[in-house]
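What follows is a pair of complexes built around chain A, which joins chain B in one and chain C in the other.
The block that comes next holds the complex of A and B.
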């Protein structure tokens, strides 16, 4: 029943069955909660450090959303010590790309030969 | 195997799984309380009572679960459940105290590493789906954090597994946690290798605050900076699940570190003393008392690991900038783990 790759192993069926069992227990914990709470007035609007909620008439939510390019900018900024040298290597010249390809191939071949 | 024996075995597994789940949630919350109390004492504050996390959960379960208008409701509600299921599932594959893994033979250490990567991913998915800028920022930071600490974690685990694989017979699987526990890594290495394993142990302890989003790597949930980050829109039962998930994740990580680096049982250490001085000195027999002593010893080791990896590091260091986090994990900590790997490899090759 186990999926075996090289010497590692995993049984997905048992894992899914156990996950379902844990799910049942979590549902029991969930049902322990009280559902007779009092609903708040401003439910649903995102927290904006005390700024007024979105105008219901305009429905313009774009200013408060983080777009995909902003999201990716965060990655590049957080990992800038890694991205910066890589971006520097992207010269746009085909010769450079072939050079890096050949160099990588050489390293791989040398490592394989040593092993 | 006849049907009666099969039913009784399945029943035993289910009861054991239930006990492990209760253990994980209970001690996760209790140790969270200890962490808060100890951290407060180190900062000359009184701090909350140790049972405060239980009160928090009880209160959160009775509160309204607010769902933001802009959120993807399905993902927003599913992510906390997923975040709680996965560490509890991982706990079933890890030895706890004197007991072997409940699901021994059905999954190895690689599976546990993947299961441990899922709660932070669930947090990132939940945060991204909540439609709040703070949450999206927190989710993005959590992903950066994950990319950073996975490298030293992987180097550490692979070094130990490889070294154990060179010491055991071919019919044993070095990826099995039961095998890793039965052949403690410190017994397999000499002086040079011990130095390497010590460096790897330090590297993996440095991974603890990153995995749990604690200071100095608490950027993803920085309350004073991004209002709780990925959790800023969560409330009520959903927040209670995230709270429990982080507690159980702490127990899972601690138990995994104990299994890999500190698998010794107290009774194993005491037996030679008993043999030399006579059994009447310590009335330890294989049975209930030995199980009890080893369980208490395991809980003590878990407390020490949480104290060092969460409380001391959290109190000693301020929160770092997010770009410093990836640098610290990828350069100093990964290099330290890699030097540990080289030392272990050199010792095996040369001596």
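The block that comes next holds the complex of A and C.
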């Protein structure tokens, strides 16, 4: 299981054993908790989210789900100067694909021919 | 010493230690086969992934028209890729690449009712044939100048003159295109996303045949006859672009397979990082200190990537098979009904994101540490890419498996057994490579390094 290279040491077994050890500690702490705690209707819900608690009987939960496009919206918007031209280069047009191929060919041939 | 295996007419198949060659008694350049550490590692990767893909296809394509044609083309692709892997001269490799290009393009367009699949196949075919025209041009020039096409015999007459450098430049760009390096990657997301998932798995390994050929060209043919520092940096720059732009584009995708296709490009960057550093320090004392380790990391990552990326494409295929959707915005809550698929996805996603103790982490760890000694900025880039990879796979995980179930997907069932077996085969391979990285490196990576002539 050991991976020993000249500058790298890694043993997945140690990692797994450590994870198990930490898991046992977590379980011990958990088991020391108040056993008289009773589950409530809103257990686990954020109480200061600003939204009313979600009713379990509520039928339509779909609108509140975070969809693919919503992920990292802020990150992508903040870096619009990077993402916008990048997406813009991926036009889907074959002519553009050929242009990039020929440009790369030209650059690499010139670099290797000159040096 | 030659050992004759069988003879048909004037042809005989004879085997020499380390070399397999068809011969008519005189030297015929198009009939060379080479069985060494590189071809052994590549063929093992191909065999595992194509077996998983073949099993998976059994139910994945059951209801499609032309399944017999699919299997015919699928087997041609697998056989042709083996041909590429074992060919020991440029012309044979060129012929096998043509065979595989034609069969994979046909497989991309397998769902002929999907116009976008046709478009993707057409783009893939056009770009590939453009690249192979350049490949043919370069090997014609090489044959005209040196009178050889076999790798090792050509290596003996390479001097590193202007013509040799131009030949090498053309071959590097063609192979970078084949492996999907940025900015030659554009056609990959189109083709990967529209092909059936079982085909995409094999296409990932076909792309890797481009990487293996690139390594053969640089290490076995040109070696230190050219300025390896410059060549190494060209490969590293292609790697940086691939890793960073690949993962950036993945982050903004909403199609599950297109997102994964961009990750395939991004992961190619890691392989190019590692091997690029090895090339840059080839023939120097640094090869002994970190260059060799960088190459071990890069080559081990090829194996890891083929397995976990194959697994991820198969999970994406299972989701599309059951829901008919590939848009992440239109999915959710599938984890309740597709528990096994979710488990396999988690294994693949954690592995590709480099989360310990999975195999992606092991190869990335070797790359991080060795590349840091060459240039720390490269390691920073590699680590940022890894974080963004985890972020985008979390997006997929949450969008597909978490949240409330969609009404239209209420009755979605778990993937069929054959598809689960295909995924399980790759998931088990990921776990084995994670638990026994030392054995995998000793058995597969070290012989490949030896075949490339990388000695510390």
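Please note the rule applied: the second predicted complex is superposed on the first by the 67 of 115 C-alpha atoms of A that agree within 3 Å, B and C clash if a C-alpha of one lies under 4 Å from a C-alpha of the other, contacts with A are read in each partner's own complex, and residues count from 1 in each chain.
Everything below uses one rule, namely that a residue touches a chain if its C-beta (ideal position, glycine included) is under 8 Å from a C-beta of that chain, and two chains touch if they have at least 3 such contacts.
Just so it is clear, the model here is predicted, and its values are computed rather than measured.
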Query raised in the report: Of the two partner chains, chain B (first) and chain C (second), which one does A:92 touch, if any: first, second, both, or neither?
Result: second
Query raised in the report: Where does A:115 make contact in the superposed view: on chain B (first), on chain C (second), on both, or on neither?
Result: second
Query raised in the report: Just chain B (first), just chain C (second), both, or neither: which does A:66 touch?
Result: both
Report task. Using the touch definition from the top, say if A:15 reaches chain B (first), chain C (second), both or neither. Result -> both
Report summary line: Overlap of the chain B and chain C interfaces on chain A comprises residues 2, 7-8, 10, 15, 61, 64-66, 71, 82
Query raised in the report: Any idea which chain B residues touch chain A in the complex?
Result: 14, 17-18, 21, 61-64, 66-70, 81, 84-85, 88-89, 92, 103, 105-108, 110-111, 130-137, 140-141, 143-144, 147, 173-175, 227, 232-233, 236-237, 240-241, 244, 322-323, 325-327, 330-331
Report task. Show which residues of chain A lie in contact with chain C when the two form their complex. Result -> 1-8, 10, 12-13, 15-16, 61-62, 64-69, 71-72, 76, 82-83, 86-87, 90, 92, 94, 96-98, 100-101, 103-105, 108-109, 111-113, 115
Report summary line: In the complex, chain C touches chain A at residues 122-123, 126-127, 130-131, 134, 162, 165-166, 168-170, 172-173, 176-177, 183-184, 186-187, 190, 226-227, 230-231, 234, 245, 248-249, 251-252, 254, 289-290, 292-293, 296, 327-329, 331-333, 356-357, 362, 365-366, 369-370, 373, 391, 394-396, 398-399, 403-404, 406-407, 434-438, 441, 456
**Report entry** Of chain A, residues touching chain B in the complex
**Finding:** 2, 7-11, 14-15, 18-19, 21-23, 25-26, 29-30, 32-34, 37-40, 43-49, 61, 64-66, 71, 74-75, 77-82
